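For reference, the structure I am asking about is given below.
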Amino acid sequence: MSVEEIFAGQKLLALMGAELARVAPGEVDIALRFRDDLAQQNGALHAGTVAAIADTACGLAALSLMPEGSGVVSVEFKINLLLPAFGENFLAKARVVRAGKTLSVCTADVIADGEKVVATMLATMMRRPPSRAS
Amino acid sequence: MSVEEIFAGQKLLALMGAELARVAPGEVDIALRFRDDLAQQNGALHAGTVAAIADTACGLAALSLMPEGSGVVSVEFKINLLLPAFGENFLAKARVVRAGKTLSVCTADVIADGEKVVATMLATMMRRPPSRAS
Amino acid sequence: MSVEEIFAGQKLLALMGAELARVAPGEVDIALRFRDDLAQQNGALHAGTVAAIADTACGLAALSLMPEGSGVVSVEFKINLLLPAFGENFLAKARVVRAGKTLSVCTADVIADGEKVVATMLATMMRRPPSRAS
Amino acid sequence: MSVEEIFAGQKLLALMGAELARVAPGEVDIALRFRDDLAQQNGALHAGTVAAIADTACGLAALSLMPEGSGVVSVEFKINLLLPAFGENFLAKARVVRAGKTLSVCTADVIADGEKVVATMLATMMRRPPSRAS
């Protein structure tokens, strides 16, 4: 399946209103508009929202470099919340740091309103061979 | 604010239908029923959903040991997705490993249907003094 | 190779004077006596020393559950330094949280003088099949 | 104390033969020559060695932006070992991603022989005010 098809299956991201903003080899951006129901008590995006878009961008960036028909699962990720995620428009920008045969390592920054990096992620993604990817 | 009041302000968790299941000193459980719109392409819970309940449980567990009136923010967390998060009922069980004056370190397991640990988190939480917590 | 043989090849741990203290299925303890040349500026063990024994204990714990002849490499780890690592005798106690066919997830605590947990690690280890393990 | 003075107190790094290669505001490089006693069973640098130089570079990069007289401690770090750390000359290159009043977030790459990134770290460092830093 293509990056676009896999993205379309991420129902959590549809619930959040996130959109696939850019796909290039080894790089994927996901855009999200602020919504009050994605926030925490102080009106910033919840860390879970921030993690969801960054993790998905990392997984799709990894997938973009894998052989046709592969699937991808998140092995693990770590995220630092650098600033409270206040803003109107958020962009999770992921890129592959190292693409291995089985594992890929990716980073993502989440940027608020085009200027402030509010979070940064370092993630490990695993390839699923075609037969197990459906 | 109490753990219950802070939980009530987590709008993302309300969107997900998560509930505060247990609060004890240094321990918080959050329950979540599976819903299709919280899933990813293969019908398991999305990693972002799993991270959201685990991170919130960690933050509230940390808060439960802080002085009255404190707030809490997530500094960072790391989560390992051990198994695909298939199941009907999920429980994020967090406990404080080390409660410091400023920083608290917490772990959480996310358990599917009372038996399978599908994810484990290690997180750092920061206390906000009363004047900055509102 | 056995856990003992792999441990014997960890030259960094020999340099540090670390010893294999216990091996059980899925659990490995490594012991280290404080030495001034393993410390940082304030007389506590350096975080790199703490990480070295915890990472090795995690890798060997994972190896202990793998098929005969396997090798193991660290994919990634995260460590929280909970307290300054002051003490005379340190023990890194690792256990496997989830043993998969390719990846294993482990945790380790580093304990000072039998009582204080000074650090906790969450790590991902990867199996090397026999032909690639030598 | 200056970055150079704090580095001089890192006895583990002296034991390893590491050197402070570059200090700029928010950026620190630490150099290490391969030595057999810093390796693991397959002749690559041990993950503990790699983590030690990357963690120290991160801490000193954070310190370089803190008020005069501050100290620094590692709160936590996560490291991905991207490739086996084979090589003659290693450089841990750290930079500050976000410098806060109390916490700083840093990344570091460890580069072998000037070309291969063998590991990448994402770390949280904490400032110690002058009175507690000695």
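A, B, C and D are the chain letters, set down in written order, and residue numbers restart from 1 in every chain.
As a convention for this text, a contact is a pair of C-beta atoms (placed from the backbone, for glycine too) under 8 Å apart; a residue touches a chain by one contact, two chains touch by 3 or more.
Not measured: the values here are computed from a predicted model.
Chain centres were defined as the mean of their Cα atoms; on that basis the chain farthest from chain B turns out to be D. Between the CA-based centres of chain A and chain B the separation comes to 20 Å, rounded to the whole angstrom. Each chain gets a centre from the mean of its Cα atoms; for chain B and chain C, those two points are 28 Å apart. Of all residues in chain D, those that touch two or more other chains are 75-76, 78, 80, 105, 124. With chains as nodes and touching pairs as edges, the resulting graph is complete, every pair of chains being joined.
Those residues of chain C whose C-beta lies close enough to touch chain A in the complex are 75-76, 78, 102-103, 105, 124, 126. Note for the complex: chain A touches chain D at residues 78, 80, 82-83, 97-98, 105, 107, 117, 120, 122, 124. Taken in their complex, chain D has these residues touching chain C: 1, 6, 9-15, 36-42, 46-49, 51-53, 55-56, 71, 73-81, 84.
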